[in-house]
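Each structure below is given as structure tokens.
What follows is a pair of complexes built around chain A, which joins chain B in one and chain C in the other.
Moving on, here comes the complex of A and B:
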């Protein structure tokens, strides 16, 4: 039946088939970028983390020495880094939630102004925020002069800067807008009427928040926590500028391996250890968030 | 104690310069199915939310069983609300939604389960109890919202256009169910609606609102037969409104058609319902008008004819659809009329 064949050949492709091709074409550039800039280098470094650095060259092979060294030499900084990142992410997520909650449900149009203000601080850049804290917490910084002016202290406090507390404060300040965004996005999906209904049935404001709001935004809480945690755990600029020299974070040691010591295999092994530890910790946090804020 | 269950005394709400609800006083008796009827934007939701405790009034007081609740937050008022868009908890099942209020009251597990099962049966949702809210249809969600409020046995149940989102057929079925529920469990219901058939079907008392004011209240039938003004007459059912002038106790509707109506000389509206107008040259009626038939609209069991008077005013006439074939052609001249007691004369404000 030639007629049938002709109609078949000239028939337009089914909308399904066409959209599948369109999807592939549209996704291709992003996929290539992802492959070339993310998967390929990571795989390369993953393989290299099993190589060995000798005096002037790098010896391919399969050695576990790098990982053993991470655990014997760097477990202290690793744990400290996870600890600081956990603290920063927890504080930032809680503050971010409270901020986003107030903007969404309590502050009306003033809330939008505050939200915009919080987000514009992202334009200022990261180093600006660090130097801002240097001028606030420094020996002749704003905080010390204010305390002296108020007569609360005589000598400027030395302990404000160059310690872990300063690192936590600076990172929290830097990461707060990033924590607010996913949570605020999720809160916009929660209808105010749900809160009104919960109140109507006898729930206090806090109870409605726990029973109605938090269970619905669990993914966003984890997203905010994860984002802050990973950025804090991988940071090496903040601890270098406002942290205690003796208590550097893991990122500082990784940077040292790549630059000063030119030991890329060791640096790679340290990076993958940090990634694995972070992912494991995030899994636990995700599980806990899911349990604690589940619908009851 | 005797006296109304719910009393509003001069309750008002202003948003800046805009007055959403003018000072309003209402008394609602125990076991009333009370309806607040009015067009969209007239302040119905605001009034209901003030009663529920969600909108702080600008002035006035709210009393439930004689006790002042004006300053109490919603969780401490003996009222329950079904919201216009339900406000169901999407992360919970139908059963969890219905149980929520009792769980807050720390009801014992056995009593809670029994109460929830009873509610599920009352609203015919037994088969859907364990579905999450997003998996329920609009009608089912509506029932969950109703059951969730009813389970707490509120002294006053507030319903904010609870059926507005449903299609006509489902809405009619829900009218029957709401009536049955009210008859079965009793209680005082306040329904807000812009749908006059809904209000007529459900309520035993109605307050009609317009522009933030209650313009009339009473039994649905009284409001229909004796509307207080032209707005009410047109909003509650269909009405023909003919503006005219009263001079020395006589109103001239058209050259040769006069009504005797004692009262001061002033502009008036003569209101006549379409179903009360008789049609055809043989109509033996006290009041007669000459008109031209311009349109015939089939509406199911009955139809509307639109007729134009010489003055340019147009009148709707309701006829039995069985008679539609016997009607004169469009454009013909016809005689309309009605019996002397059937129209209403309302002074123009």
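Moving on, here comes the complex of A and C:
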């Protein structure tokens, strides 16, 4: 083969090489947006968490004061927030699984209607849902009115609102559709013939679920749990509107640093502490889910 | 179309879209327009119509929910606003950060209409930067049906009778809650004495079982619905609450009450300072000041405006504090006090 022809052939990019370049070029805008609107601000935010604030002005430098403050002053609210978020995520994931399972395997065409109904609630505003629960649980609310009409109580119950229970209920209602989606998506991939075969071989419904269904949808369970956990842990509107006065969540304190104090450095330190604590807890949950629901 | 051409077109389109917002300022300077930035539900629509009718200057209104929001917006750079409303305890902060233009109100034709006590205010002693907008007091309201006894002390709010267990509403702002507690204990606002703060913390922690929530919003609704039966409250809101539910009573305590004043100011870089000054002068006219008071429910600091008030307003107890009532204005807390208040605020809500 003549040398110049060999050179030409090797110099010409292969179709693989060309498609790789095209892929990179097409992904570049999204990558730049991600870099510019997510990585860069977050990095700057992280740097700022080591700065100091003094009466609405910020002093650059490297100080650990904010992180020390977080652990000395806010460890209680942080642990409580992780606790509430864990409870909300657990309840929501279980309810989401039960709902998705019923839609996929038990309810037939009615299941599709229920699924559509559940997902339609995603179009309702977040604040609307909180105010809906205020309307339901309030002194003049639907629940109190119903209980009085039924003669079960004489005076409206004051304990329904402004407590941790109200926060859990409201957040669960808000997050449930988000938990259902990934689980239902994963359940669609589960082959019904496998379940039928398991039953034919004498496995109980519970055993079939544990050994066949759950191992196949582990990633979806973790995705649902993680999504609900992170949204609940970072929330501040729900506890502000329906929560207990003496049991503010970590998000409330973060929000105050930004909106009331304009103390961006401390707010940033609190935010990164919450992110780190949440990710650590999610790693543990992921490990547990993978161990408990592994294929047998 | 080749990939190269498509990508060039995409890049050009993206660049154009990205640059479009940069091509124009937030509000282009408009000779016939005044841009006002005020608290939500705090500007009488009739007032703006009257100003436009008299001067031919159109008015646009944007709103915010806290001094901090306003501060953040002004610090971020030119906003296009000609007029803003700043609370008394924030004026010094705004001035120290060079965010306000001098208005020299004392040179304006209507300045003489201000009540003498408001011509000089300690947060703006020479009226260089601000003019009174509305002022009022902070105390508390309780439901006389729930607690029929007469009340004359902040002690009822901070050491409530058993009937108020889980029934008290407090503001969601650390400074407003803690300064009122300091006033009850006989200490000055923004006090940083460790012993006094320890006493204040103990008082607020003892009050906590009685508190249903710490939230400055929706107080009128909660009081009228009976969700809370006693709440920290601003005087104008207290009047509106009483008009909705006659059994509510605003307390002028023997220890006194917190005073506050919101002030008209011109931000640095305002596109139309002349129009802003016209509006400031317009607001010092008794008739115009009364229109705003009738709408918002607070005093205005302009002498002679009372004769233009609605009868229900002119006689409202919330609008007319007793002559001997001690009103304490906060000087605005320094960095140490702010940090100390934050600590207390965190501890009572842990």
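Basically, the second predicted complex is superposed on the first by the 282 of 296 C-alpha atoms of A that agree within 3 Å, B and C clash if a C-alpha of one lies under 4 Å from a C-alpha of the other, contacts with A are read in each partner's own complex, and residues count from 1 in each chain.
In this section, a residue touches a chain if its C-beta (ideal position, glycine included) is under 8 Å from a C-beta of that chain, and two chains touch if they have at least 3 such contacts.
Bear in mind that the values here come from a model prediction, so they are computed numbers and not experimental data.
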Taking chain A as the common reference for superposition, should the pair chain B and chain C be classed as clashing or as fitting? fit
In the overlaid three-chain picture, which partner chain does A:22 touch, first (chain B) or second (chain C), both, or neither? second
Between chain B and chain C, whom does A:83 touch in the aligned arrangement: first, second, both, or neither? neither
Is A:139 touching anything from chain B or chain C once the two structures are fitted on A? First, second, both or neither. second
Taking the superposition on A as described, I'd like to know which of chain B and chain C A:246 touches: first, second, both or neither. second
Using the superposed model, measure off the angle between the directions from the CA centre of chain A to chain B and to chain C, in steps of 10°. 150
Touched partner set for A:162, first chain B, second chain C, both or neither: second
When the two complexes are superposed, chain B comes to within a least CA distance of chain C, in Å, of 38
Chain A positions touched by chain B in one structure and by chain C in the second: none
Can you name the residues of chain A that touch chain B in the complex? 191, 193-204, 207, 211-212, 215-216, 295-296
Mind pulling up the chain A residues that touch chain C in the complex? 22, 25-26, 29, 54-57, 73-74, 76-77, 138-140, 158, 161-162, 240-241, 243-248, 252-253, 256, 259-262
If we count contacts the way the header does, which residues on chain B are in touch with chain A in the complex? 52-54, 73-75, 79-81, 83-92, 96, 100-101, 103-105, 148-149, 152
Quick check: in the complex, which residue numbers of chain C touch chain A? 3, 7, 10-11, 14, 66, 68-69, 71-72, 75, 93, 97, 166-167, 170, 172-174, 208, 211-215, 225-227, 334-335, 338, 342-343, 345-346, 348-350
